[in-house]
Amino acid sequence: MSINTPVSQDRVAVHAMSGAASILADYASIRATTLRLVESLSAEDCAIQAMPEASPAKWHLAHSTWFFEAFVLAPNIVDYTPISETYLYLFNSYYNAMGRQFHRPHRGLLSRPSLDEVLDYRRAVDDRMTAFIESASDDVVRRVAPTIETGLNHEQQHQELILTDIKALFSANPLRPVYRAAPASSTQHAQNAAGDVRWIQFREGLREIGSTGDRFCYDNETPRHRIWVDAFALAERPVSNGEFAAFIADGGYERPEIWLSDGWNAVQRNAWTQPLYWEKSDGVWSQLTLAGMRRIDASEPVCHLSYYEADAFARWSGARLPTEAEWEIAAAASIAEGHQSLRGTLLEDERFHPAPCPAGVEGGVRLQRMIGDVWEWTSSAYAPYPGYQSPEGALGEYNAKFMCNQLVLRGGSCATPQSHIRETYRNYFAAEARWQFSGLRLARNG
Amino acid sequence: MSINTPVSQDRVAVHAMSGAASILADYASIRATTLRLVESLSAEDCAIQAMPEASPAKWHLAHSTWFFEAFVLAPNIVDYTPISETYLYLFNSYYNAMGRQFHRPHRGLLSRPSLDEVLDYRRAVDDRMTAFIESASDDVVRRVAPTIETGLNHEQQHQELILTDIKALFSANPLRPVYRAAPASSTQHAQNAAGDVRWIQFREGLREIGSTGDRFCYDNETPRHRIWVDAFALAERPVSNGEFAAFIADGGYERPEIWLSDGWNAVQRNAWTQPLYWEKSDGVWSQLTLAGMRRIDASEPVCHLSYYEADAFARWSGARLPTEAEWEIAAAASIAEGHQSLRGTLLEDERFHPAPCPAGVEGGVRLQRMIGDVWEWTSSAYAPYPGYQSPEGALGEYNAKFMCNQLVLRGGSCATPQSHIRETYRNYFAAEARWQFSGLRLARNG
Amino acid sequence: MSINTPVSQDRVAVHAMSGAASILADYASIRATTLRLVESLSAEDCAIQAMPEASPAKWHLAHSTWFFEAFVLAPNIVDYTPISETYLYLFNSYYNAMGRQFHRPHRGLLSRPSLDEVLDYRRAVDDRMTAFIESASDDVVRRVAPTIETGLNHEQQHQELILTDIKALFSANPLRPVYRAAPASSTQHAQNAAGDVRWIQFREGLREIGSTGDRFCYDNETPRHRIWVDAFALAERPVSNGEFAAFIADGGYERPEIWLSDGWNAVQRNAWTQPLYWEKSDGVWSQLTLAGMRRIDASEPVCHLSYYEADAFARWSGARLPTEAEWEIAAAASIAEGHQSLRGTLLEDERFHPAPCPAGVEGGVRLQRMIGDVWEWTSSAYAPYPGYQSPEGALGEYNAKFMCNQLVLRGGSCATPQSHIRETYRNYFAAEARWQFSGLRLARNG
Amino acid sequence: MSINTPVSQDRVAVHAMSGAASILADYASIRATTLRLVESLSAEDCAIQAMPEASPAKWHLAHSTWFFEAFVLAPNIVDYTPISETYLYLFNSYYNAMGRQFHRPHRGLLSRPSLDEVLDYRRAVDDRMTAFIESASDDVVRRVAPTIETGLNHEQQHQELILTDIKALFSANPLRPVYRAAPASSTQHAQNAAGDVRWIQFREGLREIGSTGDRFCYDNETPRHRIWVDAFALAERPVSNGEFAAFIADGGYERPEIWLSDGWNAVQRNAWTQPLYWEKSDGVWSQLTLAGMRRIDASEPVCHLSYYEADAFARWSGARLPTEAEWEIAAAASIAEGHQSLRGTLLEDERFHPAPCPAGVEGGVRLQRMIGDVWEWTSSAYAPYPGYQSPEGALGEYNAKFMCNQLVLRGGSCATPQSHIRETYRNYFAAEARWQFSGLRLARNG
């Protein structure tokens, strides 16, 4: 986000980095953040895979390191000797162009290498990266800088996944482990329901979305392109726990007519009766957080919803999900006007949970917290933008091959690093996924 | 299609029907067509379900009849006595608003009612429908006409499914049953490969797509709306068997880099090495048709492809699939210019198989055979149009609840009735489906 | 059974057959019985496969015919031309030595050959069999007689399966089809609970079980061999519906401690709360029979139990299942004493359902109805007898290869032909199977 | 085994223990052995579950401790406060009488409690057990001694499972972790094939099998009972790797006629072409051992076979598997004659792999290595002995409820503690299980 707000002031200016020093600083900073995220975890916590879609924290640590070895060191150093041939295979996620991959659902079977060995691997690659960049000519630096930048953004994605995957793991444990105790303040909330939602209007017109190219972006944000958008309105804030509890109380999970057909099948097959991590006891809803079990706060954004639940809620409430274009146009407009309210909770806040929305913001009705707190499901299937070209080489596998059977989410969550998110960012998950911090914001025709 | 071509000349003017006589004529005609399609089938052929996604022909016969009883007769006749309470349950497909439904994968377990009883049921409903319409006031006729029209279109959809489902059933039988022997002419083809494909250019601009409302359409074709489209080009004809055989010969099914990730998984999980119904023997490709096994004709449109295969072929050939908007804009333009070449093989031709494309058409390079022959996969996820409102009542379940995890196909096939298809028509299937007559036409950026 | 009872008086003396005339008579009689069993079924009823373990009636008709063509005609007629090469493949059940087999769960996909064609196939093989036997030398007749005898016994097994498989099919149909209306008498039963069970004592000793070889038997009944048996007692009659209803009422399906571990898993996985085909409505148990739904008769033997349910019931009642040796020793002793009470309902009674046990029999406490009514689960795993040798050739596949993961059932059922069953007969099914007429008789240590 | 051989000389005389001191010594010794087995494992190694049938080593450590807390401490100490209520639930394996159980396939999701916490739990229970026994009256000691003895035997079973489960885990890891390096001697083997097998004859007769009650045994070994056995012969030694390699080379895995039907299905479903842990490279067979990958030694007993493979091998070689009675009678006779050759490799040898059989033994043809090296599949289904009574209370769930769908294995393996195994011992696994050290010894009719 290119606005003069707390969001951007302290962000790592990844895209701007032009020289070795700048690259090294960003590299050191982002790599250190990853390590901080696993500080409170044991070797056992880091070894186990909660479910086939998740990965062990140890694997995230190793894979994000593998990226730099495989894409920066190996191709650019003559006669490069890998730190471990086996690691090149074990920690390749899905890049067919980089060789075979270890079977994904078996990532949790790797008790070896140990966490210590993986941390050694990280240090060894960090040392080699530092030495390589420091000794590289300006030409080489310019050539490898984009790949390093991609690698750092890639690592930030895995920072978020470390958090969501460890949450999934802890949720399977009757001991209810705590990842990080909540700060005192965050446990004193008012339990006040967020007030009635207010709507921001947007006019129809031929707009542009996609990255302007003045900063780092993924290939799937390009090219910036024109799109016609009818008039629409967007809710000022995400849907709250209180509102979702009303949906449940109104039989939301028992009424097929408000669900997509696939969604209703998922409800029945999985016996869903509430969002992931919610539990009811003595008539009171609690939810598992990374700080342990807590009574739900009605004013917090609801999260850990599948697309199906988000869609059903929207239909129940007489509204709909926004398209990703509507979402981006609204966010960009708010940024252009310098609204500070747009920023919500991000990784750096170390809350690791969405925060309650304020009852309102100064200066009138404004979009709040589109950045952070919860990823917002849009109604847009994940597809290439008009004119999209996937990159050459192995990195071309990064995004394009997933452009099917997924929905776009926008805005980042409380587990997303600040320098990683922007208004053009396109995240995507299958409609049934619930273990991300995923919620929704309502839209309606204007 | 509202153009002065063979396509429309003999079509049933369903939408125009304003009076009882017209309705009754259409009703009789379309219902009779359904019966003709099962004439050559035995009671056993009609009873069996080839796979969970398919239905027995007998079920199609009954369900399309149920539609009229449930949506026309029962709500409009005072103290209506159903022909069978059990049928109301057995032959409800997925309308939750109409009560419980018999478990879909068990449709093939219903040896009773017999085919004869189902045909009796059809006759009984036809009699009641005739009596009801004949005796109805003009007001009532006006009120029920749209539902009847929907019911007739619904029946036409099931006409196509009868054909594709019986093909699936016969394909499982080592006796290689023949549904309908091919006419002598259709087996004498030149085996000539279609020539190099030529492209038709379309300029960028703000266009409109969706039904204009001057004839019958499904709710999912509405509302007509503006959309910005960049310049693009569309191939004059669908991809041919010869071209697809070249893709196979070039290792198309063995190269993960040209497949979507889900597609590559499907290839491996299902051990796909060719289109559905293709078989190789002594180095020669044959394919199962409704007229039995035949050597493939290189100049025919390839069909029975999943979306994944269509997408991989497009990537392999350096092109892409069109969006549904591109497809419709191109088709509409061609219709506007009165091009007869647009029409391909339809149900009424009783070929039940795509026909070879001519080497060219008079009058220059023109779009050929967009209507009929093979449904053409587009890259568009099936989603509501901007401003879409699902209808009130049970019929609201008709289309809207499937708007997730499916891709749009356009243009109809050799199994689609002529009066059923139009340039705004949106068909949809999951990416892995192959048992429809589904092929593709290439597109590229203009 | 070699006793002077109705059981044996009218039985087909299969084993005794020494000449062509005798063979032809038995052949004609048994083949005709099969046809009578499908008389009331439509072609559709005969085409459908209720579940992977079951087969369509049409397949039974064809497969039992295939047996004679494959094992009698083809090997014994010079330059034999099969009636259909495809049938040889389609209707081979599991004889690897006879070539490939059509995938078992796909038997229900064969709408062709039609029922009429299969009946033609039966007639054609019957004609060839007749011509072959009539023209064969005595030597040839002697040589082929054992295979024909096996083929006729094999056909009798499929007679029983036709009944149990059609029952499974009809049970899936909400229309509740009736296979054969019950005779008037059989629907007027007293609903009287069978009285307290009485026990017959048997002394310990070294006994012999297995076929004595004086009549036809399957290979798995050989060799007759010694076995030590401790003293035991056997209930005079099978467990009744009334007793089983008491088990249910006492929480039988909810108490893991009385179930085998695999059994408890099956209860939970399948959500079993009553025997197969039982339904409760307004507090009253009914059950599906081949004559339609009926209120349960408390004095009838309970049937359609899995081994797990039989075992749990036995444990609940403080008893146990008998071993197959105990069962056979008891039955043989009763036969030796000429007890007529041993015979229960068999196929020829055309009741197709177990009959209520009388309150007692003349002449004191005696074993009742061990032959017929319900197959009785024993605690014996199906295994070869000591010294067992499987036959040479393809027929060696008949029994031996199934000697694992199955339990032995004894005594035949109401669907078993009279000439097919005997006290040494070993039937076997997996512990979870419920669609046979399977019940139990209690045993305890003596 | 009650013979005067190395097997018994150093065994823990568990059954004889009559006083507190003796109990405490056995307790300390066996508990210490368990800890030694995990000494070389990391916390990560101990946390992961290789497959649903296996458990993490940490779980074994905790569950075997839970046994003492749940069955000794809690019921015998007034107002007992559990060390952790959650542990009582988490570490209950399958005792329904002891409350709910944590879902077995999720044992590998428990990163907490940590290995250190589990070791603390072990120490805490050990301390309480010691204090309890030391302070208990003689009466109390006498009363609890049998449960403690069962608990120690139970722990020994889990010692074996720790080894087989960690082997399964390491086999999934491309890094090929070594559990314990092989001693130098054991890697220098002659690669000599074992010579032709010789047979030991046994006469027919009425025999007794089952525990005599003079030492500890499980309930499933009781009661000792009479059984008639025909004359038989038993091979002097287990089948060797060399012999099994010949079976493979002869197409053993490709010939359905030598397989049980379920076995052939398993071969095809699992694509089995060799024993578990075997790999072929450049025409040479290697196998994974707990000391890493090694070329196979032709003279070692083959192991990691399913029952199906053992049965197919026996049929291929013209022999059969022994019944468990034959096996026990032969072993008992050999023990009675004081044959030292009976003992093979056991846990205490710390070889953790079967050892090659000697070419012969002094004193003529004798049974070799029935105790240890490999569990030997018998043809006997796991069933209660005649007159068997399952124990009262929760421990009654120990064995009886598994008496279905399993086959008996006899003799122990290289992973079985010496004091745990005896000639009457009945182990059991499903026919498809391969991850135990399971092999076979041939039998034939005498």
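By written order: A, B, C and D. Residues from 1 in each chain.
One rule holds for everything that comes next: a residue touches a chain if its C-beta (ideal position, glycine included) is under 8 Å from a C-beta of that chain, and two chains touch if they have at least 3 such contacts.
Everything numeric here is computed off the predicted structure, so don't read it as measured data.
Starting at chain B, how many touching-chain steps does it take at least to reach chain D?
Counted as steps through touching chains, the separation is 2.
Chains touching chain A and chain B alike, please list them.
Expected: no chain.
Where the CA atoms of chain A average out and where those of chain C average out, how many Å apart are those spots?
Here chain A and chain C have centroids separated by 61 Å.
Roughly how many whole angstrom separate the Cα centroids of chain A and chain D?
Chain centres of chain A and chain D, defined by C-alpha means, are spaced 48 Å apart.
Based only on mean CA positions, could you tell me how far chain C sits from chain D in angstrom?
Averaging C-alpha atoms per chain gives centres 39 Å apart.
According to the definition already given, which pairs of chains are in contact?
Inter-chain contacts occur between A-B, A-D, B-C, C-D.
For a test of understanding, state which residues of chain B touch chain C in their complex under the given definition.
42-48, 50, 58, 86, 89-90, 102, 106, 108-115, 169, 172-175, 177
Could you pull out which chain A residues touch chain B in their complex?
Per the stated touch rule, the residues are 94, 96-97, 206, 225-230, 256-257, 259-264, 307-308, 311, 323, 379-381, 383-384, 386-387, 397, 401-405, 431, 445.
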